[in-house]
């Protein structure tokens, strides 16, 4: 709660400070605010203090704190890495950062809601700023197109979600998750209203995380949006949505998992295949990342459906860890995108990065290997956690998932090869300019990626 | 020093020689390098002699344990009995002489030190072969001599024209030997399976004392595998074609390795395992017929060869075949006897031919020689002695040894005897042809060459003379009973029967005196007749071997080596090359890689298909979303 | 622990050492790692298990694990350290590579990964190190390889990676039987039915078969060996494939003895086909590296087949042959590279007559060739003797057929040797070996010959642990 | 009370059916129409159908929270519409059209 308020205030202050047209100041305040939010979160969870003891709409339990924690960290990293592009226009230096922070507020709500009111609000607070952010580059037709596509499909999904909520409400008579859970458990025969409602809610969620066949927006929007925003969508938005899924489905609707479980499983497999196969021939980096993210959603969904064989915290950890690994890797690649700073976003721009700047190249390769799930990167351990659980119930699906990892390695490796090979205009090439903030982001994420697996092996 | 201590020394000296020459030989003066190698071999000979004279019982000397796994225990140990010591004496004795000869023969070669390194190494390997206390050690030496043979055949690999061909000959020798080696190796495995050990002593004790015998099939398999090994090393059909090619090596090598010592390894192996062969009569039959066939085929080919060394090479093959006939007849001591005399006269002949080649400035074609008898007198005389010895001229060494074999063959079956006589006759024919064409008649090469013809230095002629003496008197080693009664006769027989496992239990029936005399008479008649006819044809008439084009059908057949090489080419080489090409271009590059490529392509292609789904139109996106929802609900309804 | 830390540290240190001293430092570092391994050896008692590291509690990933070595592990550790040293030494003259910081770093990283593989007593850990080893070798091949290497290396990486994924599946699958515990002893102790064992072993088999490589999974190998730089090829052939053979010995056989009867002859026959098939192909190739690449397939086919015979002789033979092949392969590729580096070509049809120009090279190359055809007095003979003997004992026909490797190896090895070295003095310039190259060859030859004359050195070290492995297999395979 | 709404003879089913029909019309509109403004309006139609449903259920359960939710929806819908329209304006400035069929620059 403290975190949420801190962040909200930070967003507001950032907006106002932006009038001074001092981007640096904006950045400093945003950073302080974000870190303050982080401390607030930790303080609250450590001492169990509740700001408004009577209010039950939001509940920052362990899972919520965990997910909120990485949401804030990722936002901070993204603000840093995208600081220059975000504040390019001095007149609106604070706008984008403020919007990101507002969206983060929505994400925090998504991780901690206890009823559909807050859930709905959180979702919209999360989404609406992102619609705007996607169209950040006003003069760029592609950016606004992305924005529009995201908006139209997003609001459509909102409609579906609401429709579903209405049906659930109709059958259970409550918006409170606990009450709904009990209502489902207590009634001997649940009406079709409930099931259809759950499925509709599920569909809208799958839309948010970009799973097949609700994924169509994501390649277009990822490709059209500025890199930083794409990173935000891929990491923070996705994590928030997954947190909500865990809360909603595996906690509240777990007793009717027989209905939605197989569907999620099917979507998961479809996502893997569509994501990996489509990514193979991509020539644009962000599009490639979009498809790869679809595939990763497929893997992560596998963790969602295996909840009934293990205790709650374990699979929460699995999803959490997986998304953390995925987010870190994405942030590194987004940073690289920002560094290369090329409008066309062609994969050929990545040729020879490792020669131009070996350390950047190293980080990029680490990130890609992590995405591909090659040990000892964190991405491997994410897969390990998920697959080793899922195999109890669905050995065939795990086999398919591993096969998909094999397909995935194909395009990841091609990207690595591009990064490693000689630049075309040898021997002299333009130096890549990397500002100190970006270095910090790279090092933090890179080190986490590397030791995230090995270090945890020791603990 | 006890024999146990002396035995390793025997091996050590040639090894030291090889080591010194190998590491520092380049810097040593030629004479030092050569004499060192010769001396080392000679010291070995002296040690061998000491041991030989003091040997009563077989002696085993353990060096170290090579492999000790639960079921498998293999020692590096040496074993001396009269058989191995006799072989050692031949190897080191003849070896020393050939070393001495080489000092002169190789004096102009720039690889001088390397040559002596290899020679010493060969002696070392050969000694391991005969002195090893088990079949495993034997195999070590067996392959070791193969390597040395390979190195020495390909010694002149840098020759302007024939460098690569020499290499090819070496390779062929090595590969064919390896085929035999595989057989031997499998024989070893089988012995391990049935006896659990490879030690001679233990195996012989099991077979002879404990009478623990594997069943007939197994015994047949063991012996036939050993024999396959022997055919490789001793150049029997079907693995004999490497030996004539091996003449690409320097002549002393041909004398030492490809006549006197290495090629007798197969015979040694069979004699060493005589107790096994004793219980495998079918294998003995096979040995008999293979030996017989080899003897005749090789002799036939030798009839119309024009390369002086090729003639001798086929002669060696033929003689080895003869010895295998003896082995097939269980006349083991006779075989060793002939091995001994053969070592003398064949080494003599080879060295003589070396001397001739030396005199002819490297020319080996007998059609270009002629009339050399006055120009190189010592060589001529010694060569003549050799020729007489091999042709079975009365009282020369070959006469006795060959006669014993013929005697046993006669005792076995008349057909075999007649076939052998044919072979022996052909031997006499081609040897006299060789002798007369080379040493009589007129010189047929250019004047330039004629001018250079000279007698070899003493280092070369001395071995010739020693060997000539041995070739003449070698027969006394195993005189048949008809000449002398008492202790002088059957020296070798008694020697080997004394402490060689198995041999003392075999009692061959010697033909009675009358038969022996008749047989001898036949042999003498053949030899003398051939000599007479040959001298008329080649000496009086001065006939010269005709050019290849003018040969009649049988002559071409003989000249072209009965097309063995071509046959093998069609049967083995060509198909394997065809397979190689097919495997590489079709199976590997096309099918197997194609499958991988195909999978990659299919994946990429399906990626292209899936991509088409992404149309870029919002309407279609929403359409699919709706489909998705409808799908969900349909699923629910179906499940309901 | 220092066994593992040192290469990792060296990998980092070599990034910051100044260029001029880099290659010396690398050599020194490799030497130090050998010394450490030897120190471990001196305090090792045959049959013991030495623990290097272990987690006593369940980690984040829900596992306890152990790292350590037994006799077999120690032998492989020594092999790795020595081979890494030899590889660095072999590349010493090639300043472009030897002084490259990334090269040195990657070699040590590879060493780290390999040591990890050989000391892991936890299946997940094993997999992690297994996969980790792929990255450095790929990068070395990619950075320093020959023209047109891109696609080849892509295929190589993907192929082996997919193989590893199959193994990962097996690992997960076997994990369900122990509720996520991948500890070696636990895994060995579990009983499973044949079907489960078959599923598990199939994954392992695929991963190992690709990496060894067994026919028909070998197609990546000749191309990759050819296109990689010499160091990469050496790492691949000398060490990488030992990993797979080691994996069969340490993991696949003890874990899935229940399915042993199902896959025994599959692997033996594939090994047999590989032995003959690759040898036949090698006979007509003209690229030296390709010949040796196919030779490698041929050689390891025998080892893989031999591992399927459950007897101490076969296992010992396999280990001896693994050690032998590591050195011989490195030697052969070094010879090929020396020719390539001096002349810029490797086609044996265009060579010839080098022996006259470079007698030292001719000598050492010949020694390596003899070792490659496993003549007695080289460790190859001991290895092949034991392997063929056991295969023959198991099935005479297979033994005889696989024994033809003795013959076929001669054909292609000496064809390659003679066509490149023999013949009249070459017209091109060819410098004889430098001192470091001689030392490299000498080290290889000495090791090969020492183990050829007195293999008991190695046998004593590995026998107890092989017996343990054998016992665990036999207990449950019957 | 079961099945009927308070003070009315119309049963719940009819509300549900009506709302569903309106919702489907909205969905169809979003699917079929190419004019972005109309699509926006169709989305609003969907939301209104939800509102109707919410109110009906709220009445059915005799609880007020459903009606409160309607206010939430209306507010959010307004916010969404604002953002949506501004995006449209932006896009119109760039492309001089609001036909979403023409916005297909981003595709594979």
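All chains are identified by letter, namely A, B, C and D, in their written order; residue positions are counted from 1 within each chain.
Definition applied: a residue touches a chain if its C-beta (ideal position, glycine included) is under 8 Å from a C-beta of that chain, and two chains touch if they have at least 3 such contacts.
These figures come from a predicted structure and were not determined experimentally.
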Report the chain closest to the protein's overall CA mean, measuring from each chain's own CA mean.
C
Separation of chain A from chain C, taking each centre as the mean of its C-alpha atoms, in whole Å
43
Just the number, please: Cα centre separation of chain A and chain B in whole Å.
78
Any idea how many Å lie between the Cα centroids of chain A and chain D?
27
Taking each chain's centre as the mean position of its Cα atoms, how many Å separate chain B from chain D?
99
Could you say which residues in chain A touch two or more other chains, in rising order?
148-149, 152, 156, 160, 219-220, 278, 410
Would you give the residues of chain D that are in contact with at least 2 other chains, written as numbers and ranges?
27, 30, 39, 100, 103, 105-108
Per-residue multi-chain contacts in chain B, two or more chains:
600, 611, 614, 616, 618, 622
Could you list each pair of chains that touch, in label order?
A-B, A-C, A-D, B-C, B-D
Hey, which residues of chain C end up touching chain A in the complex?
55, 59-62, 65, 102, 124-125, 127-129, 131-132, 134-135, 139, 142-143, 150, 153-154, 157-158, 161-162, 165-166, 168-169, 172-173, 175-176, 180
Which residues of chain D touch chain A in their complex?
16, 19, 23, 26-27, 30, 36, 39-40, 43, 46-47, 49-50, 53-54, 56-58, 60-61, 63, 65-66, 68-69, 72-73, 76, 79-80, 83-84, 86-88, 90-91, 94-95, 100, 103, 105-108
In their shared complex, chain D is touched by residues of chain A numbered 116-117, 120-121, 124, 128, 131-132, 135, 138-142, 144-149, 151-152, 155-156, 158-160, 162-163, 165-167, 169-170, 173-175, 219-221, 223-224, 278, 282, 287
Can you list the chain C residues touching chain B in their complex?
155, 158-159, 216, 218-220, 222, 277, 280-281, 283-285, 311-313, 316, 352-353, 355-356, 366, 370, 375-377, 381-382, 385-386, 388-389, 392-393, 399-400, 403-404, 406-407, 410-411, 414-415, 418-419, 421-425, 453-456, 459, 463
State the interface residues of chain A toward chain C in the complex, per the touch definition above.
314, 358, 369, 374-376, 380-381, 384-385, 387-388, 391-392, 395, 398-399, 402-403, 405-406, 409-410, 413-414, 417, 420-421, 453, 456-459
